[in-house]
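Each of the two complexes below includes chain A, the first together with chain B, the second together with chain C.
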Partner chain A sequence: MRGYGALISARFRTLLQYRSAAIVGFTTQIFFGLIFVMVFEAFFESSSLPQPMSEPDVITYIWLGQAFIMMLPWNVDRDLQALVRSGGVVYELLRPMDVYTAWFSRAIALRTAPAIMRSIPLLVIATLLFDMSGPDSLAAGLAFGVTMIGAILLSCAITNFISITLMWTISGEGVSGFAPAIVMVFSGMIVPIPFFPEWAQTIIRILPFSGLVDTPYRLYLGHLPASDLGLLFGHQLLWTFAFILLGRWMLSRGLRRLTVQGG
Partner chain B sequence: MNIVNNTYVYFRFLEISVRGQMQYRVSFVMLSFAHFLTTVVEFVAVLVLFDRFGSLKGWELAEVAFMYGIVNIAFSISDAATRGFDVFGTMVKSGDFDRLLTRPRSTALQLAGQELTLRRVGRFIQGLAILIWAANALEIDWTVMKVGLVIFAVFGGAALFAGLIVIQATLAFWATESLEVMNSLTYGGVFATSYPVTIYRTWFQNFFIFFVPLATISYFPTLAILGRTDALGTPLAFQYLCPLIGFTFLALTLQFWRFGVKHYRSTGS
Partner chain C sequence: MSKIVVENLAKTFQIPERRPGLWGALVGVARRTYRSVKALDGISFSIDSGELVGYIGPNGAGKSTTIKVISGILNPDSGRCEIDGLVPWEDRIAHVKRIGVVFGQRTQLWWDLPVIESFDLLRDIYAVDADEYVKTRDELVERLDIESLLNVPVRLLSLGQRMRCDLVAALLHRPSILFLDEPTVGLDSVSKLVFRDFIREMNTDRGLTVILTTHDMDDIEALCERVIVIGNGQILSDGPLAALRKQISPERLLIVEFEEEDARVSGLNAKIIEQDGHRTRLSFNPEKISASELIAQVAAQHPVRYLFVENPPIEEIIARMYTENSL
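The block that comes next holds the complex of A and B.
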């Protein structure tokens, strides 16, 4: 257990070194956030139909999304990808660690360090300049905190699943090329889930991706009652568990037929 | 080194790149299909919003879809053609760029000819399908001029996006973190200018009209084709001519590129 902890903290500290990437990312997220906000503003001005979310709620939802975008399983661990390509993955097998857990530990660092670096300045700026508001109540804030932990675990399980699929594709453009769009749309990152047609919402709420974005953000807004926390957190954990099982199974198959390149 | 010869060399480069990619035909088909699905999912956002709100400041879904189609086709062409510039940053770091300098052709030509990324056909087909659907739904009365304008806008747009990627590559001479900033301009630009530019606040409109002039290849030509009057008051002739700005933009960025090459110092490795 101590080994994995050390791995997380070492990766975490390495990733914290990419400060200029974080600054660049910060401006990118501000830019995208403003575009999203303005598109929604224009839509709200165009229609007097009753909407499933108020405009201020949508704005806060958008900024939360931009702040925590690095938490989503939208990219693979580049170092891991390089290891698979170069054949260096064989060293991973020599370590006295469970490969899946070791990779999961790396994923935890990958999904937290960059997210923390970007989210803090972005949340401050969005609150000061761009009408982002705080959690609806203390209970909403707490429920948000709990489900953000659930979202990180789920994101790590999906990240690991994507990383493991790299063992089957050389270009790294298979599942990893396809995953970001699915994650972005069905998590609520591009359009908050309540805006989808009712029939689609039923499906999207069952799918794992809503647990990454929509669940914590709507709890934050009080748009979902904090009393639903148990059910929502359960949904996140269930999918996390499912992705872990799937990932483990694929990894064991992948390692059995692993052919190492290079020499 | 006249234009004919350069064009010949360029198409030889592309031929080789295409032949290389066709060695992995199954992989090509699968990647293109995945790319197609990915971009289709992006359009879901537009559908969802129109489904909820009905219209966008006087614009209907089909009208916005038309613009979306033009922007996406343009972007897919530039994305396929400029792969060489896209990976340029790593060439500078590794010193591989030096090899290009020793060859008797311009560096821009060599980079442009490095790869024609065929799987980008996924986004191209998506954009084309949406454009055709939108044109049908809008019952546009097509004239030769209008068809010409669509093609002009698409290539003007491809040139403009290519210009953005050339800027990104040129910045790699001085900075290593330039990539993501430019990505936000290209991908953010595709997203933003799929909607009529007039829906945005004034400073943002000006940004996409004067600074990164993507509105000139989506918003203005679409007005001319749909026969709408411009809320910004531009005349029809301007709407027909403005995709030229895309080509001008590319020409200017290539000047910037030449400036960068001139001041290039190898890493020596």
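The block that comes next holds the complex of A and C.
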């Protein structure tokens, strides 16, 4: 375990070095957040029907989404991609470690370090300037905390799955093309899931991606009752487990047919 | 009992092939064709504890594939390999704890971290005892003189500096076997000397078993008692370097630079390969005529500015070996 912990901490420290990327990203997220807020304001003004979420709730939901966007499994681990491309992946196999767990450790760092760097200033700014509100209740806050951990684990399992596909596609461009579209839409990042048609909501709730965004944020708002925590956290863990099994199976096949790039 | 036993190892790679041009690319989308390449075609050898073995052969001969199989990275198609009682690809984790590997073309250090942090990380990954780690590290750091590099991020190191750091990294967990895959590629001569001294010392003083692949015949001559030659996935020869030389090509080269231009020599017990300007290249068989005798004969004909004796390059020896084996 000590080795994996050291791996997470080393990657984490490396990722914290990318300060300019964080600053640029922070500005982008403020910009996108404001656009989303404006779109929803226009929507609420033009609509007279009762809506599934209130306007202040949607605004908070949007800012949470922008703050934690780096936590989503929307891209491949560039570092790992470089390793596979150059053949440096041989050293991954020369370490006395389980490769899946080692890559999962990388994923944990990848999904937390940039997210932490961006979320803290963004949450402060959004609360002070853009009408973001705190959690609905203490219970809602705690449920949010628990399901954020579930969301990180799920995100890492999906990230690892994407990384493992690199062993077949090598470039990773294909996966990084469609993964963001699926993740952004079905997680509720673009439009909160309650705004989807009924029939679509049933499907989306079963799919894994709602566990990344919709579940923790609506618990935060009290829009999902904190008493549902067990069920929602279970949904996240079940999918995490499924992705881990699938990833492990693919990795063991991938390693068996491994051809090291570049001799 | 031997430390490393390899029997009949075979490995075939499926290389996707694409016909040239746009049409070829389109056809390739619909139907992939593969070409089988036999990287290893029945390799057998055994190595005792404390041996320092050179493993040579031209590009694509199967050297790196062998190293990757016996270090547990690749699964072979068939054959047996046992190293200290473990099968590398089956007991990978236990096996890699006991070996150190350096690939000359890649680094195992973390690109963005200072060298010392990479070392610390390896300590945790290999679960090396803290006191033992400090002792081993300080010894190696002092021996390879990299004290001043410890706080430099790896990406800023020169190739020679990086190689020294990589050697330390490969030995931090005190392995009993070291695999070196083309470690001297691209190194300057000073770095090569440092490298050779170090490996020789680790081998004689610590009893480290070493397998070294290289294209540099000087590495082999400086270090290896025993040389295994591989070509087209098969072992062509296995034995002491002197025997190999004798078997393939006993001859040496004498390169002479005369004081006068266009000085011609004749009537020597040697073959004139080239005479150009001041320089003449002769090839001779030391069993028929000793170097000193030949030099005396040459010097008697014209005043000599300087001269040196050279071994035919490794590629030449291997090339001859190929012709002899009609490969």
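Keep this in mind: the second predicted complex is superposed on the first by the 262 of 263 C-alpha atoms of A that agree within 3 Å, B and C clash if a C-alpha of one lies under 4 Å from a C-alpha of the other, contacts with A are read in each partner's own complex, and residues count from 1 in each chain.
The criterion applied here is as follows: contacts are C-beta pairs under 8 Å (C-beta built on N, C-alpha and C of every residue); 3 or more make two chains touch, one makes a residue touch a chain.
Here the structure is a predicted model, which is why all the values come from computation and not from measurement.
S.K.: Once chain A of both complexes is superposed, is A:2 in touch with chain B (first), chain C (second), both, or neither?
M.R.: So A:2 only meets chain C here.
S.K.: For A:10 in the superposed arrangement: first (chain B), second (chain C), both or neither?
M.R.: Second partner only.
S.K.: Who wins on chain A residues touched, chain B or chain C?
M.R.: Between chain B and chain C, B touches the greater number of residues in chain A.
S.K.: Of the partners chain B and chain C, which touch A:88 in the superposed model: first, second, both, neither?
M.R.: A:88 sits against chain C, while chain B stays out of touch.
S.K.: Touching A:96 in the superposition: chain B (first), chain C (second), both, neither?
M.R.: Second partner only.
S.K.: Touch check for A:181: first (chain B), second (chain C), both, or neither?
M.R.: A:181 sits against chain B, while chain C stays out of touch.
S.K.: Does the superposition put A:120 against chain B (first), chain C (second), both, or neither?
M.R.: A:120 sits against neither chain B nor chain C.
S.K.: Which partner does A:46 reach: the first (chain B), the second (chain C), both, or neither?
M.R.: A:46 sits against chain B, while chain C stays out of touch.
S.K.: In the complex formed with chain C, which residues of chain A make contact?
M.R.: Listed in rising order, the residues are 2-3, 5-7, 10, 13-14, 17, 86-88, 90-91, 93-98, 255-256, 258-260, 262-263.
S.K.: Using the touch definition from the top, list the residues of chain B that touch chain A in their complex.
M.R.: Per the touch definition, chain B meets chain A at residues 27, 30-31, 34-35, 37-39, 41-42, 44-45, 48-49, 51-58, 177, 180-181, 183-184, 188, 191-192, 195, 199-201, 204.
S.K.: Help me check something: in the complex, which residues belonging to chain A touch chain B?
M.R.: Within the complex, chain A touches chain B at residues 20-21, 24-25, 27-28, 31-32, 34-35, 38-39, 42-47, 49, 51-52, 171, 173-174, 177-178, 180-182, 185, 190-191, 195-197, 200.
S.K.: Using the touch definition up top, name the residues of chain C that touch chain A in the complex.
M.R.: Chain C reaches chain A through residues 13, 64, 68, 71-75, 92-94, 96-97, 101, 103, 105-106, 108, 110, 112-113, 117, 120-121, 124-127.
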